[in-house]
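Right after this note come the structures.
Here come two complexes built around subunit A, the first alongside subunit B, the second alongside subunit C.
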Partner chain A sequence: MNGFLQAFVNGLTLGAQYALMALGFSLIFGILGVMNFAHGAFYALGGYVAYLVDKTLGLPYALAVVAAVLMTAALGYVFELVVIERRIDDHLATIVLTLGLSLVVGASLLAIFGPRSVDFPAPLTGTLRAGGVYIPTARLMIIVVSAAAIAGVYLLLYRTRLGNALRALADDRTIALAQGIRPKVLFPLAFGLATGLAGLTGALVTPIFSLAPFVGEHVLMISFLAVILGGLGSLPGAVIASILVGLVESFVGFYIGGSWAPLMLFTAVLVLLVVRPTGLFGAKAAHV
Partner chain B sequence: MASPTVERAAEPATPTDTLLELDRLDVRYGGVHAVQELSIRVRPGETVVLIGANGAGKSSVINAIMGLVPAAGGQIRYLGQDITRSSPASRARAGIRISPEGRRVFAHLSIEDNILSGGYTLSKAKRDEALAWMYEAFPWLAARRKAPAGTLSGGQQQIVAIARALTASPKLLLLDEPFLGLSPVAIADTSAAIRLVQERGMAVLISEQMARPALKLADHGHVLRTGTLRRSGTVAEIRDLALSEDYL
Partner chain C sequence: MPLSRRNAKIAPIVGAALLIGLAGCGADATGGGGSGDAGGKCVLQIGTLGPLTGPAADFGLSMEGSTKFVAEEANKAGGVKVGNKTCQVKVVSYDTGYTSAGAANGANDFASKGVKFVIGPLGATEVTGMKPVADRSKMLLLANGFGLDALEKKYPLVFHIGPGPFVWSGPIIKEARTRFGFTSAAVIAPNDQSGNDIAVINEKKFSEQGIPVKRDTYQRGTQDFAPIVSRLMATRADVIDFASSPAGDVGTMIKQLRQAGYQGSFARLGGESTNEITRVAGIEAMKNFFYYSPVDLTDPKIAALAKEYEAVAGIKATGISLGWVPGGRALLRAISKAGTIDDTAKVAEALRADDLKDTTLGQGVWTGQQQFGVNQEMSWPFSIGVIKDAQPSVFKTLSAE
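And then the complex of A and B:
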């Protein structure tokens, strides 16, 4: 029973990580129509910024997380404004540009911190004991903060004027323009919001997983899988599919063996795409 | 919202009594000349209809006024200012709004979110006020306010598209083929919505292939064929030609 619960909590932690990444990736794709292949790089960058602030500067971990969010959000905002904005409707160009940024960030981290993973210990080391079961507080913190971030994004999108405009842009950009909505102002904001989420994810989870220059690539790949599984463009689909993927990875790893998890996931997605090409929650043309 | 005539009285600087003026407007798509040297004008509070068959260039005129397609030549003046090169967003902020061809409601947004999206540039109080007005005028909108607009019928979507365009109380409302594909009942509903706009003193420019319901609403009309003006005048003056054009 304890093993089951442990696998469940680990699965939720993985799921929270994938959900935050998939949410940001889907936001950018839904609103800008851009596939952000640099999303994993923002995850790694968030981890390193938090590492620097927490370990090198010796400031509190909470402050390190905030710094990571702000840095990655700012970089995303500027990158969209200066680079992506000029080629926004050229799909091939945006793929190459985001891949390029991913390589630049990865190579810079490699040059500064070296190829080996750095020692970034988890800020919380205790365990929560309830009725004979133990839950590591570090994982609990990740789950709670992720849930709060997802709820925050939901409220922003569905309860504010900005969110209304972002969803209108995702739905029909031309007609959104005719409402006085300015994509040139809102696109960098949306991009920065999404990369800030990736930075938050990196700052939250790299202490308990690992932190190396290209650590984000694998996470992005699994999150991308979750995005497809949930239905490309559907935000609730991306979040729910991410949690499912996290749980599957954890339970397969616990009961069958870690190396089986990716194989099972890809097989499940393959079968699903044959049976239901639009994903679990995707409509014919899913949108934000 | 004060009527435009009241506002104008407070601004004697406005040169003429013209709200919108197209001066030899040209619209081209590649080598195709969709609109050629078209000159028309719309006065404050007036309803003008552009009648023409498919491909006559009506939608191109409407989209050029909103800024959704570029003008290849000529000038678009609004409130005495040249807006030919302005972005659609700044034209929207200046008081020009559109119910586009095919309605194009935000299909994944609820009815309420569609209406609110039209008020992006407004304060919360103004947005709520507009919403209350729409719900009073069309109670069914309030009853289904959480429904995704994509699930509505064509006639209902037309009302939502007009409501969205009205949220910001525009000075000029552009209606591109508002009756296209609608049932007689929906045409009557849409006509009622347009009358509501007229009562508020807003100017309306309607493009229509279906001359009959559009002529009932308009003061002035222009008949277009292959991008050029065939005849202009009061509704009584152009009625016969407009109705014959209707069946081309």
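And then the complex of A and C:
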């Protein structure tokens, strides 16, 4: 029973990380129609900004996380405004542009920090234990922050005028334009918000594992998987699918073996895409 | 948010692009030039390849550093005497991304540059991927991969620059058992050839000494090891061996295992990368950690070599990086003795005849016959490393035999 509970707790913590990443990925696709393949790079960048602020400047970790969010959000905002905006309707061009940015960020981090992991330990080192089940406090923090960020994005999208405008753009850009909503103002904001979420995830998660220039690649792949599973562009779908992915990875990893988790996940996604091409929530979640 | 038909259509294309994009990451070539007489000067190119980025970068950078050190040492002494010429040694590097395809690409890159002698690659998959391509170009490899078929009779130009776990795993387990008192073990490694081949040997060596052992695998590239850690905890093993898993992965697993309350010992019966593992895991998590160390870093002679190495390579010396130096020196000796920088078969013959007497590590021996059926594995005395007073230390040195 302890094993089952532990697998469940592990699955939730995994899912919480994936959800933060997938949320941003889905946000950009849903509103802009752009697949941001630099999302993993923003994750790594967030980790390094937090590392610099915390370890090099010696500022509190909380400030380092805020700095990571602001930096990645600002970079995302500028990148959308200056680069993506020019080719926003060309899907292939935006794929190449974001992949290019990913490589540029990765290579820059490599040049600056070197290929080895940097020494960036998690600020919270304790572990909570109850009845044979444990959860490190740093991972608990990720669940709490993740839940807060998801709630914040939800409130922003559904309880503010900005959110209404963003959803209008996602629903039908032509009609939104006719109503005076300006995508050139809102698209960079949405992009920045999403990359800020990636930076937040990087700042929170990399101290728990390790921080090296290309740590974002694996995270990007899992996020992409969760987004496809949840339904491209569906924010509730992305969050729920992320939790499911985390749980599947954890239970399969614990009961069958770590090598089987990716196989099971990708098989599930393949079957799902055949049976339900729009993903779990793609059809029903017509609006974010 | 609507899922437009256009968006739905591009999803498969994008998936493919992602995979291609990720697969392409990591492979990159540096250096250049050809062997032979360049502008009237004899230039001997030595290729070196391995993972220069990613979680296993510690291995590749160490190998690159060793090659640079050996080259610099030879150049400082005036160069390598080859027949009636004296050649300057030039190092050409290639980042394989720790993949079979990356190593094969590296071999092609070296072939296009006329590189005939290579120190590397490292992982079993890399060696497997590189051997056929290198063989076609008649390259001589001083590989380090611990694969079960790393050396084969059909590839006479492939040598092992250091001994594999078949040589040192058993003796280390035997000695460490008396110190750490473990009675059960678990071995964890990535689920590819590089991970599997060494894990299989370690599992066998634990079993041979009557220690019950469970072997498990994980997907290379995993970042969060929580499910694996829970599974390892469930084995209740007294010692967990990480075989040759990438240093970054090992550090993360150790950190997570300690957080989960694991009190047992850790073994690193694979490529030595203690500094990197410690950096990721944190020194507090490293208690009861023992590992295969190709050299005794506390030996004054080795410490002096480490200083020289660090000055040339620009990175901290590790057990593996210094352990590869004698092999590189032996290669240059063989080239000099054979009197050619083109005829690799002749150099291989001279290398087989080398007595492996090294100025720093002392007398080495040729091994490999028992495991591979060919005696082309260079072995020098090795040590059992432990973490003592927050520093890597050695508690016993064992014979290369």
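By our rule, the second predicted complex is superposed on the first by the 275 of 288 C-alpha atoms of A that agree within 3 Å, B and C clash if a C-alpha of one lies under 4 Å from a C-alpha of the other, contacts with A are read in each partner's own complex, and residues count from 1 in each chain.
Going forward, a contact is a pair of C-beta atoms (placed from the backbone, for glycine too) under 8 Å apart; a residue touches a chain by one contact, two chains touch by 3 or more.
Everything quoted here is computed from the prediction, not taken from an experiment.
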When subunit B and subunit C are modelled together on subunit A, clash or fit: fit
Between subunit B and subunit C, more extensive residue contact with subunit A: C
First (subunit B), second (subunit C), both or neither touched by A:180: first
Degrees between the directions from subunit A toward subunit B and toward subunit C, using C-alpha centres, nearest 10: 150
First, second, both or neither for A:108, with subunit B first and subunit C second: neither
Partner chain(s) touched by A:171 [first = subunit B, second = subunit C, both, neither]: both
Subunit B versus subunit C as contact partner of A:249, first or second or both or neither: second
Subunit B versus subunit C as contact partner of A:35, first or second or both or neither: second
Shortest CA-CA distance in Å separating subunit B from subunit C in the superposed model: 6
Overlap of the subunit B and subunit C footprints on subunit A, listed as residue numbers: 167, 170-172, 287-288
Subunit A partner contacts - residues on subunit B that touch it in the complex: 66-68, 87-90, 92-93, 97-98, 100, 104, 106-109, 113, 116-118, 120-121, 124, 127, 164, 168
Contacting residues of subunit A [partner subunit C, same complex]: 3, 6-7, 10, 13-14, 17, 29-31, 33, 35, 37, 91-92, 95, 99, 102-103, 106, 110, 115-117, 119, 121, 125, 127, 129, 134, 136, 139, 167, 170-172, 208-210, 212-215, 217-221, 224, 228, 231-235, 249-254, 257-259, 261-262, 277-278, 282-283, 285-288
For the subunit C and subunit A complex, residues of the former touching the latter: 1-4, 6-8, 10-11, 13-15, 17-18, 21-22, 25-26, 52-55, 57-58, 61, 191, 216-219, 221-228, 230-231, 234, 248, 251-252, 255-256, 259-261, 276, 279-280, 282
Residues of subunit A touching subunit B in the complex: 161, 164-165, 167-168, 170-172, 174-182, 287-288
